[in-house]
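You will see chain A twice below: alongside chain B first, and alongside chain C after that.
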Partner chain A sequence: MNELVFFINNVVIAGSVAGSIYAIGAVGVTLIFSIMRFAHFAHGDMMTFGAFMVLLLTTLFPQAGAALGVPTPLIMLPLAMALTALLAVGIDRTFYKPLRAHGVKPIVMVIASLGVTLMLQGLIRLFAGTGGESLYVDDRKEIFRIPLPIEGVRVPVVITEPQLYLFALTLMSVVALHFFLSRSRLGKAMRAMSDNPDLARASGINTNTIVAVTWVLAGGLAAIAGTLLSLDVTFKPDLSFFLLLPIFAAAIVGGVGHPYGAIAGGFVVGFAETLAVFNWGILLRPFRDSLPEWLSLPGNLAFVGTEYKIVVPFFILVAILVWRPTGIFKGKVI
Partner chain B sequence: MPLLDARDVHGGYGGMNILNGVDMAIEADEIGVIVGPNGAGKSTMLKAVFGLLRVSQGEILLRGEPIHNLPPNRLVQKGMGFVPQEYNVFPSLSVKENLQMGAYLKPGNVKRMLSRVYEFFPPLKDKRHQPAGELSGGQRQMVAMGRALMAEPEVLLLDEPTAGLSPRYMNEIFERVKEVNAAGVGILMVEQNAKQALAIADKGFVLAAGQNRFTDTGAALLADPDVAKSFLGG
Partner chain C sequence: MSTTRTDTVAAPRRFPLREVVIFVALLVAVLGVYGIMGAAYSTRMLVEASCYAILALGLTIQWGYAGQFNAGVMGFVALGGFCAMFFSVPVNEAFWDSELPGELAVVLGYIVGAALVVFGASRLDRLGVPKKLRTVITVALAVVLYLVVISAFRGVAGQIESQAGFVGGLGLPSWVGWIVGGVLAGGVGYFIGHVCLGLRSDYLAIATIGIAEIIKAFLKNSDWLTRGTATVSPLPWPVPGPAEVGFTLARALYLSVTAVLIAAIFFLLHRAYHAPWGRMIRAIRDNEISSAAMGKNINRRRLEIFVLGCILMGIGGAVLASFNSLFDPQGYLPLNHTFLVLVMVILGGPGNNLGTIFGAVAVYIIWLMSEPLALFLMELAVNFGESTFGWDAPASLDSRALQARVFVIGLLITLVLRFAPKGLLPEKTKHVD
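Then we have the complex of A and B:
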């Protein structure tokens, strides 16, 4: 049973954490693709920017959360979301909109977004330095150890406070996004424009408004994902390089342009990562004595070493592109 | 004053002129039908009216007000509806959502117009929760027309509404067009099925090489031996 708890801690919880972050990030990427038809490579840095805004605000007002009994970074999140949304709209106006107006090919937009990536990252480095910083400036990171009421189980289930917030916020974002896309007039217009931009225009939908709304959504979601990740680990200016690949893998696995697919894809990639680096030997350990002698259990039975974790989304990406390029939910092909 | 009045319209794509002076006028209660050989500029003319193509010379008036080169969303506000020939529904949106998008600029209209559109096209009511992309060609055409009607247009532009439909659906669509027109919507449509279309037309415009070749009532064009010989297949 101890081994099972170990599995819960290292796979179920860790996979859900990674999955949630990838899912929220991938939704942004997929929304941008469905409206503007290009792969937005600067998305990871919009996430870092959101987290950086939280760090900045928390450093400025470290006591703000104490009054309400919640960690300060969480109080600052809505403000950081608004600032990141503003940044996203600003970037679009300055860099992407003129290119769109020229009617450039998607690849030009992709390269432009690569430029934005480097700019944003440089900017954040300039102010935040190159090292890691904890978003818990003045608060304490609670770690909950929940012992299971089963005899013989000594290992507790371990979950941290930011992880709980992460799950709650992911659930809220997904539900809110669902209602926005399926019920609101603007959300339906967004789906309509994704389906057929010309017909959307012929219906009187102002496509410039929809583009702006898309950036606000993508920016806000990016800030959530970036902050939650930085809360769970630490804030680093180059977080985006570790996020970009899994997020794009998630968006493509789910079917590009398909928000629900992106959420599913996020969890597929998150769990695939944790399952790949999990030491399966641990689960076999209770049967160690009943195994025949010629089959002795090696110390590590993981598919790949932890240092190769980043390879997993790459593998999934290639596999999906070869065998099912439209993704699980039949999205558009990039 | 005619509802829609196009005078000496010139226009085309990227410097190449396709329209070389087209004249066309319909009254508020009329059905106007544009026919002609391939490449005559029929669809191009419809796009020019709906602001999807630059008019370089001439003018287009809606109730006497110049509207050429206005963007489509302004034209929707001014009472014009357009149904393209292809890609005329939002395939992943449900039938009802498709119709709601038609009334995007007039959200107050949605409830009232939904029930009116369901009256015009009863099959749509049963399928309102189904994605429009899953419907048959004829029903999809109904969704497309319904979407345009949701904004309560004074004039509806239809680009080959019966293209690719079976004869049964073709007749049904023509019947619907007549009904919509009887309900007070002016119609300007491009048609390949020239004989059937001219039979319901108040005005007919035979285009060739971007110019009016014949302009008369639908019945007169059908009766004209020259028109029949050159454009209606004898």
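Then we have the complex of A and C:
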């Protein structure tokens, strides 16, 4: 049973953590894709920017959280979301809108977004340095060890405070997004525009507003994802290139332009990553004595080493592009 | 009646004023660098710029001729660099004298065998096995065989690392590695292109970014093959090295090799561009649907051009690694090896080979000169801050100043796309009156 608890700690919890972060990131990417029809490569850096804003605010007011009994970074999150949304809208106005007005091909927008990526990266590293920093400036990271009431289990289930907040926040954002897209006027207009921009414009939807709203949503979600990731581990200015591939893989797995699919895709990629680096030899250990002589178990039965984790989202991406390019839920735009 | 038809598509010849002005300015800049920095440094800069020019030519045929955006140039450069290292580094006796080569061959044989078995299982439906059952069998077999093979492989790799350090090279001349580097990069390009080129253009960018990071991760962590972060040096040169004829002359000799390479590539590309094949490629880029209607096999042509570009990138990467005489997998950065090349192409003029070569040399000069400039500006800012506000500068300032260059490259990309989308030397399109 100890092995099973180990499995829960290393796969179920770690996979849900990675999955939630990828899911929130992928929703932003897929929203931008469905409205503006291009792959927004600067999303990883918008996430980093959001986390950096939280770090900045937390360093400025380290005591703010103690009054309310929650970690300070979470108090600062709404403010950081607003700042990131503002940044996203500003980037769109300065860099993407003129290109859109020129009617360039989507791939030129992709290159422009790579340019924005580099600019954001340069700015963030200029101010934040290149090392990692913990978002817990003044608070303590609580770690809960939950012993299981089963005979013979010595290893407790370990879960940390930021992980609990992460699950709660992910659930909240998904539910809020669902109600926004399905109930509100703006959300319906967004869906209409993603289905058919010309028809949406003809029926009186202000496409400029929709584009701005999309950027606000994407920026806010990116700030949430970046902050949650940095809370769980540490804030690193050079996260984005490693986030880009899993997030895009998640968006494509779920079907591009399909927000619910992106959430599912995020969890698929997150769990695939953790399952692939998990050492399966541990689960087989209890049966070691009953195995035949010729079958000696090697020490490491992981599919890929941790250093090759990035192979997993790539493999998923290639597999989905080969067998089902529209994604598992049949995306709307392709 | 004259038998020769008048060429209705060729633009009337004019004096290439723009080209001449731009290249004279470039020459002045190069001479300026020679005057300030000395001959040895400047020749090194020129050799590196010419290696980058090969990379940029590879990208310009992908992006300029065919509109494919490859965001993972770094990966192909790294592959080329690896081949240059693997073929030219002297033979490692400690490895070949032991029993390890045999074991490695056995494991590689297992890998091939396992791949064949899985492939065979995927064809079981030809024997009447239901398709669903075939898929289940194939996947299960692939997982189990993969685990078996990879653990055997990890064992051998660990033994090589502990007993012999790394596999070592083959001790062949450098140009063998350059050619194989091109072939290998082309092979990887074929795989990626085969998967992505029929789909949206964005997917190619995503996939190439991914493959570049994977190649780098592989080369960095395969200590048995590349010594990983320990780096391999020196790599032999195809021309007499600095130890024999001095820095300047050796680098000048190397420069002549790269110049010949570029001239050959340039000539071949020029011919291809004006050949029916080149016209077809541009027709596909400009209007895919009408070329498909004329019976052109779009995906096949796209794959050709993508693989061709990747081959050039592999060759360029190999030449660059040989020149640096160092193979350091960690030294391959997206900024230096992907985005710098991208700036060279879009600034110089995508689709125009001459413009691309100009862009490569000009951007590389700016790139090298910007490093001392960034440090100098940062120092100014710090002095100003200290004297005016009593600001305490953080210690890691030098590394931060270099980050400012990242910002400038990004800004340059967006500005060029916005204000000069055709670059300084635009591709010459011919019009029929």
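Brief remarks on what is shown
Just so it is clear, the second predicted complex is superposed on the first by the 331 of 334 C-alpha atoms of A that agree within 3 Å, B and C clash if a C-alpha of one lies under 4 Å from a C-alpha of the other, contacts with A are read in each partner's own complex, and residues count from 1 in each chain.
One rule holds in what follows: contacts are C-beta pairs under 8 Å (C-beta built on N, C-alpha and C of every residue); 3 or more make two chains touch, one makes a residue touch a chain.
Only a predicted model underlies this, so the values are computations on that prediction, with no experimental measurement involved.
Shared-chain residue A:Ala200: touches chain B; no touch with chain C. By the touch criterion stated above, A:Pro313 is placed in contact with chain C alone, chain B being left untouched. Using the contact criterion defined above for the overlaid structures, shared-chain residue A:Tyr22 touches neither chain B nor chain C, since it reaches no partner. Number of chain A residues touched is higher for C, counting chain B against chain C. When the two structures are aligned on the shared chain, A:Lys188 is found in touch with chain B, with no touch to chain C. When both complexes are overlaid on chain A, the residue A:Ile111 reaches chain C alone and has no touch with chain B. Using the contact criterion defined above for the overlaid structures, shared-chain residue A:Phe241 touches chain C, although it does not reach chain B.
Residue contacts after overlaying the shared chain place A:Gly305 against chain C, while chain B stays out of touching range.
Chain A uses no single residue to touch chain B in one structure and chain C in the other.
Those residues of chain A that touch chain C in the shared complex are 38-39, 41, 95, 98-99, 102, 104-108, 110-112, 114-123, 125-126, 129-131, 241-242, 244-245, 248, 252, 280, 298, 300-301, 303, 305, 307-308, 310-311, 313-314, 317-318, 321-322, 325, 334. If you check the complex, the residues on chain A that touch chain B are 185, 188-189, 191-192, 194-196, 198-206. Only residues 50, 52, 71-73, 76-77, 82, 84, 87-93, 97-98, 100-102, 104-105, 107, 147, 151 of chain B touch chain A when the two sit together in their complex. Residue ranges of chain C in contact with chain A, taken from their complex: 67, 69, 71, 146-147, 150-151, 154-155, 195-196, 199-203, 205-207, 209-211, 213-214, 217-218, 220-221, 334-335, 339, 342, 346, 394, 396, 399-400, 403-414, 417-418, 421.
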